[in-house]
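Both of the next two complexes hold chain A, though its partner changes from chain B to chain C.
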Partner chain A sequence: MTEKQLSADRETLFAPQLNCGAAGGSCTAARTFVIATTNYNLDLLRLAVAFLLLTVYCLLVTIPALAQDDGPTDDEVNAVAKQLYCPVCENTPLDVCPTQACAQWRATIREKLEAGWTEQQIKDYFVEQYGERVLAQPSTRGLNILVWILPPLVFLVGALFLARYLRAVSARRPAPAKAATSEPAEDDLAAQLEKELAKRR
Partner chain B sequence: MTNETLPSPQAAVPEPTVSLQRRLGQIAAWAILFALLVMIAVQLYRRTLGQVSSGSAPGFTLTTFDGQEISLESLRGQVVVVNFWASWCKPCEKEAPELEAFYRAYKDRGVVVLGVDYVDTETEARAYLKKFGITYPNGPDLGTRISQSFRIKGVPETFVIDRNGQLVKTIIGETTQDKLAVIVEPLLK
Partner chain C sequence: MTLTLGLSALFLAFLCAIYATVAALIAGPRQATAWIESARNAAMLTWPLITLSAISIIVMLVQGQYEVEYVTHVSSRAMPWYLKVTALWGGQAGSLLFWSWLMSAFTSAAMFRRWDRDRSMMPYVIAATMITLGFFLSLSLFVENPFQRLWQNEITGEIGPALFQPANSTLFTPQDGSGLNPLLRHPGMIIHPPMLYLGFVSFIIPYAFAIAALVTGRTDDEWIRTTRRWTLVAWLFLSLGLILGGRWAYDVLGWGGYWGWDPVENAALLPWLTGTAFLHSVIIQEKRGMLKVWNMILIISTYSLVIMGTFLTRSGVLSSVHAFAQSAIGPLFFGFIGITLVTSMGLLFRRWDALKGETQLDSLLSREAAFLLNNLLFLGVAFATLWGTLFPIISELVTGQKITVGPPFYNQVNGPLLAAIVLLMGIAPLVAWRKASARSLGRLMWIPAALTGVALIAFYLLGARSPLALAAYGIAAFVGLTTLSEFARGTRARMRLGENPLAALANLTARNRRRYGGYTIHLGVVVMAFGVIGSNFFQMETQATLNRGETLTLGGFTMRFDSVTQFPTDDRREVTRATISVYDADGAQVGVLHPRRDFFLDSGQPMTIPGVRSTLGEDFYVLLVDWQPISSNSATFKIYVNPLINLVWLGGIIFILGTLVAAWPDADEEKRYVAAPASLATRSAGAD
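Let's turn to the complex of A and B:
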């Protein structure tokens, strides 16, 4: 329906209420007023619809973004998860473990992060619930301290033994003896060469 | 001046002290090495051991999801069925109704069923209990201490303990009401 048709329809619709036949000339003005008013209302309606659509669009775009901002991201969850190992899936860090048990653990990490727990608080909670073996890095308490102390200690002791052994070997080796033995050998060779040459002359 | 007062040539050199120190150091190093080897051997040995299957049942205290504390010691005189389960375990789901039916059938005959929730999250565990309508006491295996003392290898596993606290049967994998009844009936006579 065109704009012209719409105006005509509105005129027909409101004409009986305006008593145009009796009023004569004033009827045209009234008609013009009605058309102008309804056009203005239509513009307002259009504007309202456009505003409504824009609002809906904005909400659709921003709500997921807002929801993402509220909760912890996967990266934040995995940052904690990779420091933990589920006892069910040995040698698989929690952040890459595909089992349902590990998925539940990751969901727990997410819940705790949402509740505002720190990384350390979450790790402590998991240790309390499932024991120290869930930690990727053993704690420094109790016998676990050996895990931290022994490797560097063994390395140091090994290096010490190696250094002492090398020193002992180099001390035992008679350094000038090689030169002393090589010289006579060269002399003998030269003498033999001279001898052979003399024979052929 | 007598010979005793004269310092002997050997006394001037502190060799015995040095060699003693060296010897003590060597002994300490060997002792540490030996202790480490023993520790490793014990751990390896423990790993090779299966579930506990005879003798006295390992003692434990279970704190249920409702906050009730139940120690195995306090249940002496009753037959105790300890079931290890987890909400992520599919075979556990199969046996859950069977265990509940068994509990209802025997709870008035001096049989106690205890559910130990192994490596699980509380939310899922509670949902699991609700889903299967479990009414016998259940609680988390805090620090996996109970499962370690029973040396379980997975879930579900069920241990039957007689009135004297002796382990009678270890069931690996899912069980049924009938299987448990066969084991428990002779213990009630």
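Let's turn to the complex of A and C:
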């Protein structure tokens, strides 16, 4: 079998558990996961097994049932989930992902909240488990600092260039005689209108 | 038969594109008319050929020729015929062909219409467009061919796609296809990709003319005049595509919003941002002969971003760099972007001196300076967006760590820049060309500024307390008022001619369509801004699990969960549909909503369709999150109240109308153009 078919087969194997379809197209999500598994296989394979077990568990215990007791409200769970991204779907915030897998991750957040974890602790836990990609915005550590620094830096450099350009082009022709004698140039349309009016009077 | 026809036509179109490029490049420097004519004919022939190819795919989709891999991939028996037709752009191979088809339609039209006017530039216009088209056609032929059929090896039993019959194999025809991605079965998604593609491909026309100007050394603003309408048309379609995409996200993605700074959205936004900067800065070149180099840089960047947008969304690089490495399409695109960018910039450097500005800036307080500030801000947003989109790829390449750059990043980095753009939009039109005085500016602005103060007090009394939201509302109100005051000023001037106000306004707009079309677009942006501010700063949400008959209250509305039913449909969906009643603060029933969850059995994909009660004031937006499958006694709902969100769509409509006003063909202008041949035309003062 070709590599393509092989991964396609794995995809179908994983697909039922990995249906994350909201924003990015489900197949890509599953495929990414499969590719990831082949590349860093041991850690992620373990993850995959854990994930399968979680999903099975999730099928047994539905969320409405969980919500019956006096634990944290859905809104409290969503407040945390909003700041996290689904670990397998493409660009889908965890609070809105419609899949079973994400429902399970939300259940995990609920458990942690019940156990008295803080928001930060839960976020750290997800980062530890699934990597930095679960954070909606990159941290300011290491290479990631660049994502924050570069746009303002480039904008400032652009602004400096613009200022220099403006100074240069306005200095090249110092104090035009025209501007000194005439009124500041009025809006051209208004002037044109006045001219037209004068013609017809 | 159909397949052979379509494939041959595709191949012939590719040959035509290559021939046109070669003939045009050889004939161009010598001005060998017969060869240029021949190149033009070949270039125009690509359109009927690709049309034939596209039609044959549609025929195969509608007839259900499932031995064709693409047909199996994107269609199924249960799909209605119109979805089978639109499945042409529902998958990778088909959408690339569709891209080529639209592009060849536009280039043929450009060559047909502009032929007699720009003879010296034409060979290079043909070359630039046909190189691009040839590249896309080569992808369709050699990498993602929509005409590949499925073959089964008689010995190993293995099934695989191939263009021609491999040894020891027979044709394999599946019983049914896997069907179109459910998310794409929405009216918005049927129209949205063609609009985006139209926007993308029409930017290639101004780019090709810019390149032709660089090669021929005709560095006056002839190329800008010739392509002004093309640029507006490109911009119109791109804007329409973006707005429709937002609407689609709001209707089917089920997260209560319309713009998520998703990399795919960003890929479409990027050429729009540089294109918008271009639209504004060409006005300075036309009026004052400045910024010639800069405009070249802007159109070259826009073209590169168009190709990159296609690359980002088509190569899979966004989901993982590994996916990129595995598909042949990624490296090819990468190479193409690199080569075209380097060539274009090389041509630009060669003409650098000839492109020096003719006039100088008289004052820092002038329309010219304001336009330059506009460019700086648009490019600032474009850079931040590009950087945020590409950074996850860079991070994965450098550290192996995949990260997410989500909406919080863009809101923080782009938010202030976008607010500055909107503010500038209100001030710049009041600033005179060459040199403005603070006094005349103050005279034009004090009434809008005073009214903005009144509006701010009203917003405060209506309950807007956050300083940030108030500032944003204040900017939007001020800009709306200054723009309206510009309309009022012009109308009043005409009324002195004895016209009634309505006729004055209509004549004013008709005689300066570019200017007042532009202001209408600005008004559209202001209306959208109100929607964006309202729905971002004041969105409310809550989620709860309800038993039948129980209620949930949010933002003055109360919803009652009545029932939930589950049923299968003919097109292989399992639909779970809830019925809820909505009551306003007085307890009067204002609507019955049916939020639902569709589960697509073939693809195993769920889709959340909200139930929405929509008014101009706000949307009450309900999602069915979960339910008890057997007893169906309880269900979990997530509800959003999105204030003013419909202003986003209303503003979008105003925006598009304004663009139409500015872009609509102008009979007078055409006449002037013919009367004064390009070579004799001097820089006119311009009516706008």
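Rule of thumb we're sticking to: the second predicted complex is superposed on the first by the 103 of 201 C-alpha atoms of A that agree within 3 Å, B and C clash if a C-alpha of one lies under 4 Å from a C-alpha of the other, contacts with A are read in each partner's own complex, and residues count from 1 in each chain.
Just so we're on the same page, a contact is a pair of C-beta atoms (placed from the backbone, for glycine too) under 8 Å apart; a residue touches a chain by one contact, two chains touch by 3 or more.
Note that the structure is predicted; figures quoted are calculated from it, not measured.
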| item | value |
| --- | --- |
| Chain B versus chain C as contact partner of A:Thr99, first or second or both or neither | both |
| First, second, both or neither for A:Thr108, with chain B first and chain C second | first |
| Touching partner for A:Asn144 - first (chain B), second (chain C), both, neither | second |
| Greater residue coverage of chain A in the superposed arrangement, chain B or chain C | C |
| First (chain B), second (chain C), both or neither touched by A:Asn91 | second |
| Partner chain(s) touched by A:Gly131 [first = chain B, second = chain C, both, neither] | both |
| First, second, both or neither for A:Thr73, with chain B first and chain C second | second |
| Overlap of the chain B and chain C footprints on chain A, listed as residue numbers | 99, 131, 133, 150 |
| Touching residues (chain side chain A, partner chain B) in the complex | 86-88, 99-101, 104-105, 107-108, 111, 127-131, 133, 150, 157 |
| For the chain C and chain A complex, residues of the former touching the latter | 158, 160, 181-183, 249, 253-256, 260, 262-264, 290, 316, 318-320, 322-323, 326, 357, 360-364, 369, 372-373, 376, 379-380, 383-384, 387-388, 391-392, 395, 398-399, 401-409, 413, 417, 430, 432-437, 440, 489-490, 493-494, 496-497, 512, 515, 541-545, 597, 603-608, 625-629, 634-636, 638, 685, 687-688 |
| In the complex, chain A residues that touch chain C | 1-2, 5, 15-16, 19, 21-26, 28-29, 31-32, 35-36, 39, 62-65, 67-68, 73-75, 78, 85, 90-91, 93, 96, 98-99, 103, 131-138, 142-144, 146-148, 150-152, 154-155, 158-159, 162, 165-166, 169-170, 172-173, 176, 179, 184-190, 192-194, 196-197, 200 |
| Residues of chain B touching chain A in the complex | 29, 36, 86-88, 119-121, 123-124, 140, 142-145, 148 |
